[in-house]
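In this document, chain identifiers A, B, C, D and E correspond to the written order of the chains, with residue numbering beginning at 1 in each.
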Amino acid sequence: QEKSDFRVAWSIYVGWMPWGYLEESGIMDKWADKYGIDVEIVQINDYVESINQYTAGAFDGVSATNMDTLSIPSGGGVDTTALIVGDFSNGNDAVIVKGDGSLASLAGKPVNLVELSVSHYLLARALDSVGLREADLDGVINTSDADMIAAFSTDDVEAVVTWNPLVSTILEDPNATKLFDSSDIPGEIIDLMVVNTETLEANPDFGKAMVGAWYEVMGLMAAGDAEVLTAMAEASGTDLAGYKAQLASTEMFYDPVDAVSFTQSAELPSTMASVAEFLFDKGILGEGAPSADFVGVAYPDGSTTGDANNVQFRFDTTYMQMAADGAL
Amino acid sequence: MSFVTATDIFQFYGRRPILERVNVSVEEGEFISIVGASGCGKSTFLRLLLAQERPTRGEIRVADAPPAVEPGLDRGVVFQKYSVFPHMTVRENIVAGESFRSRFGWFSGAAKTKARKRADDTLARIGLDHVANQYPATLSGGMQQRLAIGQALAAKPRILLLDEPFGALDPGTRLSMHDFLTELRAETGMTVFMVTHDLEEGFKLGDRVLVFDKPRWDPTDPNAYGATITYDFDARDGGIPFQRIEEDTHVLQPA
Amino acid sequence: MRLINRQPGVVLKTTLVALPFLLAFVAYSIGSEIRLAENPSDKLLPAPSTIAETAERLFTQPDRRSDRILLWHDTAASLQRLVLGVGIASALATIIGLLIGLLPHVRATLAGFVAVLSMIPPLAVLPILFIVFGLGELSKVVLIIVGILPFLIRDLSQRVLEIPRETIVKAETLGASSLVIALRVALPQLMPRLIQAVRLSLGPAWLFLIAAEAIASEQGLGYRIFLVRRFLAMDVILTYVIWITFLAFMMDLALRRLSQKLFPWTEAGL
Amino acid sequence: MRLINRQPGVVLKTTLVALPFLLAFVAYSIGSEIRLAENPSDKLLPAPSTIAETAERLFTQPDRRSDRILLWHDTAASLQRLVLGVGIASALATIIGLLIGLLPHVRATLAGFVAVLSMIPPLAVLPILFIVFGLGELSKVVLIIVGILPFLIRDLSQRVLEIPRETIVKAETLGASSLVIALRVALPQLMPRLIQAVRLSLGPAWLFLIAAEAIASEQGLGYRIFLVRRFLAMDVILTYVIWITFLAFMMDLALRRLSQKLFPWTEAGL
Amino acid sequence: MSFVTATDIFQFYGRRPILERVNVSVEEGEFISIVGASGCGKSTFLRLLLAQERPTRGEIRVADAPPAVEPGLDRGVVFQKYSVFPHMTVRENIVAGESFRSRFGWFSGAAKTKARKRADDTLARIGLDHVANQYPATLSGGMQQRLAIGQALAAKPRILLLDEPFGALDPGTRLSMHDFLTELRAETGMTVFMVTHDLEEGFKLGDRVLVFDKPRWDPTDPNAYGATITYDFDARDGGIPFQRIEEDTHVLQPA
């Protein structure tokens, strides 16, 4: 149904920092006014909680990864559209051990990570690459991201999988060795702004305002605007240099054209299929899920993976294309 | 007709009989002392008179009205302990005797001023005017009981029930409380029931002394039977019968 | 008749006891119904029947991945931590409580310190605990201990102080040394209060257990709840919450029974 | 002379009181020293001097980005939530406690339900609370209320039941209605116990506040601790922990004083 | 020399004097009753005799030994309440009278058997053998006090101190306790100090009756002065002086 007030949630992560800046700088308001609507951008400390809240209907959109979107809102029957494909992790997520070692040496070791998160997925892919399985480890230990750094400094912990800015902090420890990171599986961990499909269909202006505002900031970032970047750096608890270092391992789509072409690429469906397989394997798609194909994902060209009769996750380049065309 | 009549009262707690077939009638203005061994049911009988509990069988009528179902304005009571409100000053305690029957238990404006005035009169009469603004906890036991009686009387009940009112007091204080109670009673002419452990006290103050005891006794199970009124003395001759009963009942047998 | 004097009859009473549970159930069912009507795969308020199915599955069917019935493993892991934590805390609190309550020197030394310690919110010092005690079982047990020990010590030392001075003086006149007074007079009288205090601190103990398991763990009831939060499996969360509530209730009941059984002298009245 | 009869003198007593604080400080300093000697940029146990500097900075210097002194803002935000939560819970508990304690019908209806509710670990239902009450101020206040209300209700209704029946019967003989008994007899006698109960539940209230702020918040003491926990900024965490402990201690003290001030009749003895 | 001598005892609590210049000496085997108004310091004096507290000034010596610094085996005590260990059965309470002086307060093996045997003898003598395995809370007040006295005596003290031991009992039970105590005393010939509120009881049981009272009295500040021994009656003629003192002291004045 049509409405004029929208709320979207975001949480602190390199590629999502623009959302905070959008709200603070008034750029979002500017774009919302242009379309005669109101958009409130709310920061949530706890990433999972923000997605849960979106799924429960408290928000119209949320910043999330492709994997969590598939498992939580889409798996929960909330038809969700990826409005903005912001970036993919290109080194921001990493498998780190204490001392020297290789992926193969992880066998028989416990690994601390946020279970069922993209870290878990990264670990699964890393193990795949050397022919190991999770069962070959001495278990994975669910560890809150808030305590990952503290955890790494205890003797119990031998290996962790986590994301930035924690990765860079942990790697400051001379004893820490990075074994594998998301640059080894480029394009598989994708950071999105997803919105409720129904809401978007009923309110195209909402999509236009969001995308317009986003790419205005992207333009500023691409130009290396120090003021903008510093604001984002401080909001994420680091300094300009630290933030730039994080951006270096993030493949930001500053230009909507890049985002569109990435979204339309042939790799995306196979990535999503492998993510779905992972989720199904972990039982995250719900015990009722008969197979990994339980939830359908639709792509810009109209093709789908998974159950075509149960499409709950849509990659839609319409709005990004408008930005690319300068039609906003 | 008598003022208070108890007819065939039985009281059980669970399956245990406490009182059995208690019958008594009392004229208006009589002072009834109740004595008996510890645990024989004196307080229970008082609770029945108060309508705090209803008897398992039988009924108690006051002035031929239907049996009361709960305590009310017509019956005043003073217990051995906890008889005044600890959170109110002495004066407030007396005012409560009048104000509690109002909608919210508060007086305000002129009613308040008047009630305080009357309370101060009462306090002067019971000799507590010098501590009107103190809290009960700062008073001696005797003063607290005097306050409790004053408070009960402020509500102008038709019957006053006293459960060992002086049980926790010094012998000296006790004697002065006897005088106090005798005076008050002469003034108001109220019907009084007083439970006491002290036979002497019972005979000194009472017009009649009711002795509660078990008429039947099962040595293997002391709780098999309840108590009833075994003696009903006329004590108006000033306590002389005291010596006479001492041998007859086992009120005074070692526990 | 005044409301305060009106007693419900047996039938009415039973109805009244059941009423709020029923109302809560009905309210939940309706809420669930409404949401499910909108979105049949809504996970937030699963239908009671779904919860029942999930519960049955959780209680009886082994996990696909590990081939173990996870709920029982979680329960065993959590209970072990809880019992260890509460047990150690109780033992420590009894000893320290006795010392504080009986010995003026110890009282002077520790009473103020424990009062200040009890004000520190344990969740805030969690990182320190992790570093000092590692991430293993120990740290979870320690968090429980740190969480409830100050309260237990304060409560028990207070109880020791409340033991009628008369009994202690009496023991002295029977020639008892400080040790005998502690062991034979104070300790036995403290035991019923200990059970009482443990009952009171079980709530916080569960809380700290869940908090610790949420932060770093491989199994446990709190771990599972926070894990499945990742895919909003409310049917699992609710089953676990009901199960934890049931466990907590049974523990409380067991302790109450135990106290009645072990310390007949506290109950027996003339 | 027995240990239990040996009293420390005034000087010794003062020394003993200070001793454990001193020892804790020295132990920390040594630990910090050792770690810093190994790795001068160790963040875990910052030197006391570093903490002092950090504390000074936090208390006096405005944040560059927002130009506000964050610590005061965090304190204001947290205290507001805490006071609201505890205040609302106390008010509700007083009313419900009075009803349960005085009216047999309400007692039959609610006593069991509240007992079961009090067994539910609030942290486990945190996700549910967030979903039902959203992530705003409301949810934090509600978590505090949900966390402490069952305890408060149980405690206060118990206290109402403990009011000597004699006082209530006396009020009845003075013609008091149920309402008057509740307002003029039970309520005033409940107030000192309420303060007592609030003092006891302040600890859990802080806990729930910190837990709630950790998950969704933009300011507050718990929020800041969890935020900087990601970077293991122990100097900030410790400053905040000491500050929270101090606040909790002062609140406890204030409540104790308040109780003595407001209810002279509970203290005054012959 | 006397057995117990109290010389120039002053006791202050804070700045408030409770006892002033108390002097008394007592022969071995005497039964001393102590009476006085409530709050005048009787229990305080007993605590000093017990060495539970030390006097602000002056000293108390027993058998010319240096003043005791804490309660010990030579002084037995029975309070009005809390005089037995609630967590021990009746028999264990008596055994405690012997076993508490051992290292861990426990007897085992033969010592235990013997102590139980002796305890059973004691119980038979004090008439509690039929409740040997019950806990004190199940006993009546009179039985509890009998147990308390039996326990105190099991430790064979040289002085027995009683603080209103029968204050909470029925008149009937009280009388039987008097007989019990008189008997026991005849057997052991112990020195006894008994505080009582009941003048009659004091004179009936005591060889001497010490009356504590304030020799000076400041009407504006009742706490300005402490109490001392104002009368020291020889009561061996069986309580007759009772009537004589009633007028002389203000022990019995209303509180």
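Basically, a contact is a pair of C-beta atoms (placed from the backbone, for glycine too) under 8 Å apart; a residue touches a chain by one contact, two chains touch by 3 or more.
All figures in this text were calculated on a predicted structure; none of them were measured in a lab.
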{"item": "Far-end chain from chain E, centres as C-alpha averages", "value": "A"}
{"item": "Geometric centre distance via CA averages, chain B-chain A, whole Å", "value": "80"}
{"item": "Inter-chain centre distance, chain B versus chain E - centres from mean C-alpha coordinates, in Å", "value": "34"}
{"item": "Between chain E and chain A, distance of the C-alpha-averaged centres to the nearest whole Å", "value": "82"}
{"item": "Computed distance of Cα centres, chain D from chain A, in Å", "value": "38"}
{"item": "Overlap residues in chain A, where contacts from two or more other chains coincide", "value": "52, 56, 146-147, 150, 153"}
{"item": "Multi-partner residues of chain C (at least 2 other chains)", "value": "2, 44, 126-127, 131, 172, 177, 214, 229, 232, 270"}
{"item": "Overlap residues in chain B, where contacts from two or more other chains coincide", "value": "70, 140"}
{"item": "Complete list of chain pairs which touch one another", "value": "A-C, A-D, B-C, B-D, B-E, C-D, C-E, D-E"}
{"item": "Contacting residues of chain D [partner chain E, same complex]", "value": "1-2, 5, 270"}
{"item": "Touching residues (chain side chain A, partner chain C) in the complex", "value": "48, 52, 55-56, 68, 71-72, 75-78, 112, 115-117, 139-144, 146-147, 150-151, 153-157, 281-287"}
{"item": "Touch list for chain B against partner chain E, complex", "value": "37-38, 140-143, 169-173, 175-176, 197-199, 251-255"}
{"item": "Touching residues on chain D, where the partner in the complex is chain C", "value": "2-4, 6-8, 12-13, 16-17, 19-21, 24, 44, 102-105, 108-110, 112-113, 115-116, 118-125, 127-128, 131, 151, 168, 172, 177-178, 181, 203-204, 206-207, 210-211, 214, 222, 225, 229, 232, 234, 237, 240-241, 244-245, 248-249, 252"}
{"item": "Touching residues on chain E, where the partner in the complex is chain C", "value": "50, 52, 70-73, 75-77, 79, 81-88, 96-97, 100-106, 134-140, 148, 151-152, 154-155, 157"}
